[in-house]
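Provided herewith is a single structure, encoded as structure tokens, for subsequent inquiry.
A, B, C and D label the chains in the order they appear, each numbered from 1.
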Amino acid sequence: MKIKIFVTGGTFDKEYDEIKGILFFKKTHLSEMLKLGHCKLKFDVTTLMMKDSLHMTDEDRNLILENCEKIDEDKIVITHGTDTMAETAKVLGRSIKDKTVVLTGAMIPYKFGSSDGLFNLGSSLAFVQVLPPGVYVSMNGRYFNWDNVRKNKETGKFEELNEISSQP
Amino acid sequence: MKIKIFVTGGTFDKEYDEIKGILFFKKTHLSEMLKLGHCKLKFDVTTLMMKDSLHMTDEDRNLILENCEKIDEDKIVITHGTDTMAETAKVLGRSIKDKTVVLTGAMIPYKFGSSDGLFNLGSSLAFVQVLPPGVYVSMNGRYFNWDNVRKNKETGKFEELNEISSQP
Amino acid sequence: MKIKIFVTGGTFDKEYDEIKGILFFKKTHLSEMLKLGHCKLKFDVTTLMMKDSLHMTDEDRNLILENCEKIDEDKIVITHGTDTMAETAKVLGRSIKDKTVVLTGAMIPYKFGSSDGLFNLGSSLAFVQVLPPGVYVSMNGRYFNWDNVRKNKETGKFEELNEISSQP
Amino acid sequence: MKIKIFVTGGTFDKEYDEIKGILFFKKTHLSEMLKLGHCKLKFDVTTLMMKDSLHMTDEDRNLILENCEKIDEDKIVITHGTDTMAETAKVLGRSIKDKTVVLTGAMIPYKFGSSDGLFNLGSSLAFVQVLPPGVYVSMNGRYFNWDNVRKNKETGKFEELNEISSQP
């Protein structure tokens, strides 16, 4: 069993440009993170794009969908910005029925030391191995079905559509 | 659904004593790690002991077993030293049939910055939610049944009993 | 001998707002950094402002000058954004002749884990103890007189006015 | 002006062996730390030995002394274990009169993330540039003359011989 990991950008992979004083994308830290986690799963990482998910277009989402469909692997983890992760999950969920796809991301860049990224990567790689075919979002230690998830913009936490928000 | 987390010590929670220059246990970092992971699962942490797993006795293992059995929760994560994790898994696995129990640990202390602990914690909390009742070890991004796992002392990696070791 | 530390903001103290995805100021990390450095000097920290130095005005610089002049201590370290640190040094250097004042900062926020801030703080506290009265900038392990320093915008390094830039 | 840096080991450079669960020396992290500090001084790093200072012998101290004497540079920083740093300072201080030598170290290994090492390195590189010829210890943000310094074994802090210890 090999797991395919698609990188699309998001806070996960943002870095700090010390000359300009801004956040930017250079390259993905997925391999570094998997090494840090002592991960011994068979996996394969491909970068599809490096985008803030606020800038993701319909074309971008179709590209992700096409790539999920055309590969042989039926277990796929996608790293993605959190702001429109639920939206991309919907595009994938409507079409993909015979593979397990887990989208995950981070609220704080991995390079900033105190990131939730490594925790989320561990969770999503576990979920993708065990959950039945379908499209899921994995954040905050939980998993959500593609058609029942949103990011709460105020708390930054993911929740089910009918969930009553508790404290941030 | 609430997840019970039992802390038993292990490299996970070791710290550096700067006066004596040795590693020691002070208190668990589980709550700090779950906060770092932005974890929003319902969970409850109880420290059963703080031991290097090389010093764990039969009595210690029975204490862990009793605690797993007597609580109401049927999803349990146990943090444990890696050296005898497989041994404790056997003690639990022979007796516990109706709960999902996942043992996990770390090769590098969480406080040392470059630990695999956060990754393993993410994995084990995901596995415990989705795997059927039984006792498992979760390390290196993988999960193992209690009766088919060992730590490879040379590579430091966990593997199935009949697994041919690959590179460290 | 007590050292006065004035905080004025700068990259040093910037943090990441995980909800908005931007850098911002909350509070200074000076005390935390001095504790991390096991600093046993007698010191006293006062926050004068929390500003990106690109937004610093003549009034801000006068406020810093007044505060340096009115206090009893004659050894002063000022944390400051790097972009206009040389400019503030000039304002202070023209007026202050009987105290040792060292301005320092960081290229990467302290909270991002891989910051030069702790190194610079160590340097500037050493320089302020030993250098004769005058106003100095302490960056990149070096010290510069207030009337002979600039930040090289391309390399991000500080240099003397007549210095030939080497590699970044 | 070029600064010579001699590495002799100490907590500074200790690492964690994840297979054996012990602290050990691999190679020095000095260059990595100087890069992190954005240091632009002219310097040159030579490893003389990699020893816990509790294991340092008279021969080791003589080797350090000889190396300080035979090089051209008259500004020297020595990284050293803290337990016998004051002892080595005495050996050097009795003989070296025309160079500025600063010994420094760390209470917590650099690789553990929350080390005082970077702060101490910044301090010692500043002191070595400005202090008059002589041998000094630089720890806790302070500098001490070679003949008036000891490590307080209880607090882990350095102090003058007649200093009344305050809180740890």
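Keep in mind that, in the parts below, contacts are C-beta pairs under 8 Å (C-beta built on N, C-alpha and C of every residue); 3 or more make two chains touch, one makes a residue touch a chain.
Predicted, not measured: the structure shown is a model, and the values here were computed from it.
Identification of common neighbours of chain B and chain D yields an empty set. Using the contact threshold fixed earlier, the set of chains in contact with both chain A and chain C is empty. Among the other chains, B has the CA centre that is most remote from the centre of chain C.
Annotation: 25 Å between the Cα-based centres of chain C and chain D. Inter-chain spacing, taken between the CA centroids of chain B and chain C, is 45 Å. Residues of chain D found to touch two or more other chains are 107, 113-114, 156. Chain-to-chain contact here is organised cyclically: the chains close a single ring, every chain touching exactly two others. Pairs of chains that satisfy the touch definition comprise A-B, A-C, B-D, C-D.
Across the complex, chain C is touched by residues 33-34, 36-41, 107, 113-116, 118-127, 129-131, 138-143, 156-158 of chain D. Partner chain A is touched in their complex by these residues of chain C: 11, 16, 18-19, 21, 23, 107-109, 111-114, 153-154, 156.
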